[in-house]
Amino acid sequence: MLTTRRVDAYHALTVVAPGIAERFRPGHFVTVAVGGPDTSMPARRAFAVHDVKPDYGGTVELVFAVRGRGTAWLAERRARDTLDIVGPLGRPFPVPRDPVGCVLAGGEYGSASLFALADTLQQRGCRVDFVLGAASADRVFGALRARRMGETTTLTTEDGSLGLRGRVTDALPAVIADARADVIYACGPMAMLRGVTAVAAEFDIPVQVSVEEAMACGYGVCMTCVLPVIDDDGVTRMVRACVEGPVFRGERVRFEDVGTIPFDALGAPGGRAQEGGAHTRNVG
Amino acid sequence: MLTTRRVDAYHALTVVAPGIAERFRPGHFVTVAVGGPDTSMPARRAFAVHDVKPDYGGTVELVFAVRGRGTAWLAERRARDTLDIVGPLGRPFPVPRDPVGCVLAGGEYGSASLFALADTLQQRGCRVDFVLGAASADRVFGALRARRMGETTTLTTEDGSLGLRGRVTDALPAVIADARADVIYACGPMAMLRGVTAVAAEFDIPVQVSVEEAMACGYGVCMTCVLPVIDDDGVTRMVRACVEGPVFRGERVRFEDVGTIPFDALGAPGGRAQEGGAHTRNVG
Amino acid sequence: MRTYLAHVELANPITTAAGCAGSGAELAQFFDVSRLGAVVTRSITMAPRAGRPTPRLAETPSGLLTAVGLQGPGVDAFLAAELPRLAERGARAVVSIAGGSVAEYTALARRLADAPGVTAVEVNLSCPNVADLGRVFARDPAASAEVVAAVRATMRYDVPVVAKLAPDAADIVAVARACVDGGADALALINTPLGMAIDVDTMRPALAAGTGGLSGPAVRPLAVRCLWQVHAALPGVPLVGMGGVSTGRDALELVLAGACAVAVGTALFHDPYAGLRVLRELEDLLKERGFERFADAVGLAHRPPGAAPRHRTDLEESPL
Amino acid sequence: MRTYLAHVELANPITTAAGCAGSGAELAQFFDVSRLGAVVTRSITMAPRAGRPTPRLAETPSGLLTAVGLQGPGVDAFLAAELPRLAERGARAVVSIAGGSVAEYTALARRLADAPGVTAVEVNLSCPNVADLGRVFARDPAASAEVVAAVRATMRYDVPVVAKLAPDAADIVAVARACVDGGADALALINTPLGMAIDVDTMRPALAAGTGGLSGPAVRPLAVRCLWQVHAALPGVPLVGMGGVSTGRDALELVLAGACAVAVGTALFHDPYAGLRVLRELEDLLKERGFERFADAVGLAHRPPGAAPRHRTDLEESPL
């Protein structure tokens, strides 16, 4: 059972799902079956949880953009339709024990997962500043709510139709400096996360990024959602965005190598491992 | 746009389809796409047209039983959903020029296509008697309407829950004799059509049967819907139920050979034709 | 959107798939069939054939299993009635032929050699070879090549011979190469892979013939793969693509993989206008993407647009 | 619903498919994995493997194309961590192995030979044979037989060796027969046929690897056909069926075709409980149909129930 509404370029969809609402922590995502019982689309679609509310025993709200057939189908759901939804999934945003200054950076619908996080952070006494961006005004999600919640809120659009003309990363350094931020949280397109991580490195503060990789299962069995991440031991491994992520420490993600197998990753080809040598091991 | 209702064991579905309604003649069928735009069911489903009405420019009513996934989906359509429907298709019932006595025999949902026929026949001054049967009372379709329209109406059920216990063919001879019928029209399961045709032969009167064969296209291109029918030249050919039928003269249909290629059919295997001899021809 | 099938020009790249457009007359009730790039006939055999018993049809997820068994009138009736009617309608007719032996294919080619109105001959190689215990020609490069060479030698030089292949070969490129070496002017792929369904209620095969050919959207990934592999290996050979095309996007996918013409089969069962619709959609998609000539899109997915690291393609032939 | 994989008894016929259940730990979060007939591991390689670049996934009609590239920890880490964890959970573990040469498969078998908790070894033959220009073993009866013989000779006699075949062979029965002659105690079919998708917006292959394996409901007709053909030719050989099973009806279809165990793969991505659900549904269906022993259903569709003319089955191997 659910309700739907349009929010600018996005669709917001609220589902009664007490089990998910109860266990939810900011940064979690869910997967949704699309197309109904006779669907030709066997893969679930992943969506960040935007909000959970206690109504009806617990509801979950998702915010999504129509991209292809699955989201087009979702956009046509009506009140009282039922939805097959699995969650909460993934590693949520780690939150600091102490009250620190946090900048929350969101791109496009990536902003959606930042408000529950902001809530939690503020409950712990953290200061929260928002930087939200998108290509155009109608695709900036949550500006009003950010203005209500954030100490400051900076908006950016690439076409200048709202806030500053430019990208999130253009506005970020000033916001960090002004807020004297201790940590950054970011959710949005991969290019933005890469940029945000670079800014964090300049300021030498930690950054938690929530990545988006195509996923077939969402709970760790299919191995389709991997990206190269540097482990505690300094070794790069192809790790699963769905269970080891989607939230990673930004500096651990090898953004420039996403979509490749870095030659120095554990088990990378080139080492004789992938050539099929029987008794070799690639220690990456 | 459509409306739906339950009729005993069946679903009745009315669709606004002026183009179909206008060209409709009794015995026509339509094909319906099932499962929506993201369907995993590429084959259309065939349904006899039960009724057409002039409302909204022309509506078409279908009556169907839920058999598998396609009809289950159809049964869940609601008012104002749209339906992708093609028709009218097939060779309709031929109607006599003169006012003759007609027995209309229907089995299960096969009865559905007989009422529009009865209407046409009565307009031409024909006497119409009904024999409708099914396994049980809730699966006899159209008993009330038959009672209103028919000179007589005989009902049969295999479990005796309505009318006579037995089959349509058990009741048929008496009805033909009483009504001094000149012709029989029949629509229902293949076994019933076979039986009705045998009864017609005993009485030496013509019989028109409407057959049901699995169909992929409904308009003659796929060749999946064939059955062995004796042609005017005495040769058995595998003809398409969708365009040469679904209505055939009963005595032309080789019921006992349905589901086989009779050895004497044109192009049947066994003749060297199917063995691949290069210069032979099987004249069947 | 002109395209070439070997040296023969087609007004546009969309054709019907063999065996999916009846005699041509059925579609002509709905629209002018000369608006299609070509009409490909059902596979014609020497003798009339009654085909397989029914049920001939089972539906599978996003697919159709069929076992029609080449029901048809035989070549004489075809030449006397069906082919002239196609010509009268102004359709470009590609005649598909099927046989059980090299001799039978040759005999068919001989009949077609003098017939007017044959735009091209498509050799359906998915037929059991009587001389090889019924093993299908298309699985055997040498047998395929022999058939193609015989047909090529018999047909008039100006009529292209198109060899039609199936995906259930161990090495589709080997079969393709053998056919080209045998003289094929173009290749058509894919015919239906062999599939089967069992009715769990009757607990018997759903088709009277047991196995059947799998067609429809479910097989499109196999078609794209075969086209891709063959175009990569034999970039100069014109390819006709088919398998699960029901929209312009599907057709474009096959074109980008290497097809210079695209046939629509199973989708016609759902919508008689599917061919024209696919054509219109394909035209729009190409326009959106700024293509001036259709030929520029053919096989384009093989040519990397500069260094796009997320799309580096390493083609090792393993599914895992 | 006991069943036998060669001489090894399984509590029920439902297993996971290789590469579709991670390390086993992920499913164990949801339910007690010892309730499955067996857990089949991902294909283990000698060295750790990082696999293929992303994107590794594309959806096709009723199917999934994936190119994971056997990402995994390598045999040592597997034996040290994953296998013992499966044993602790009480799961019956069928270990799948993959290699690029006969020597590599042999070396893997040697490592497994002494490992406790190996219920059976499944030999994934859909791997490129380095010695044969990367041609996949499973397409070549002789190469497949050689691998199987080497593994059989190395493994303990009481651990069944299961050879896993793919549908894109010219003659699946020939490959099956070669594997049995090579010593396979059972066969598993089908692995994913090679497919491909092209993104019509980027106009590039949808997978970084270009081609990928096609799985899910779309391939079920191919699985049924392969099981049917192999069971007909080798009725005494135990077959594990897989390919597009997501309901008890699907599993029953494979059982009726000849499978004495059924693996669930892609459906697990949609629903972690799919294995247990399929098992329950299969039990119900068999009960409804009055089966007392599961074995009575295995291959039943091959045995005509008296003379039922509408279901006379003539099996000539042509798709048309």
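Chains: A, B, C and D, in written order; residue numbering restarts at 1 for each.
What we mean here is this: a contact is a pair of C-beta atoms (placed from the backbone, for glycine too) under 8 Å apart; a residue touches a chain by one contact, two chains touch by 3 or more.
As the structure is a prediction and not an experimental result, all values here were calculated from the model.
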Co-neighbours of chain D and chain B - touch as defined: A, C
Chain pair bearing the highest count of C-beta contacts: C-D
Chain centre separation in whole Å, for chain C relative to chain B (CA means): 35
Centre-of-Cα separation between chain B and chain A, whole angstrom: 57
Chain C and chain D: spacing of chain centres that average the CA atoms, whole Å: 31
Per-residue multi-chain contacts in chain B, two or more chains: 40-41, 258-260
Chain D, residues touching no fewer than two other chains: 19, 52-55, 61-63, 68, 208, 216-217, 310-312
Topology of the chain contact graph, where touching chains are joined (line, ring, star, complete, other): complete
Touching residues (chain side chain A, partner chain B) in the complex: 34-41, 69, 73
In the complex, chain B residues that touch chain D: 40, 258-260
Residue ranges of chain C touching chain D (in the complex, touch as defined): 19, 43, 52-55, 60-63, 65, 67-70, 98, 124, 126-128, 134-136, 139-140, 166-171, 191-198, 200, 202-205, 208-214, 216-222, 224-225, 228, 244, 249, 252-253, 256-257, 285, 289, 300-301, 304-305, 308, 310-320
In the complex with chain C, residue positions of chain B that touch it: 33, 40-44, 86, 213-217, 219-227, 237-238, 243, 258-261, 265-269, 271-282, 284
Residue ranges of chain D touching chain A (in the complex, touch as defined): 19-22, 26-27, 29, 42, 45-57, 59, 61-64, 66, 68, 71-72, 74, 76, 99-101, 103-104, 106-107, 130, 208, 216-217, 266-272
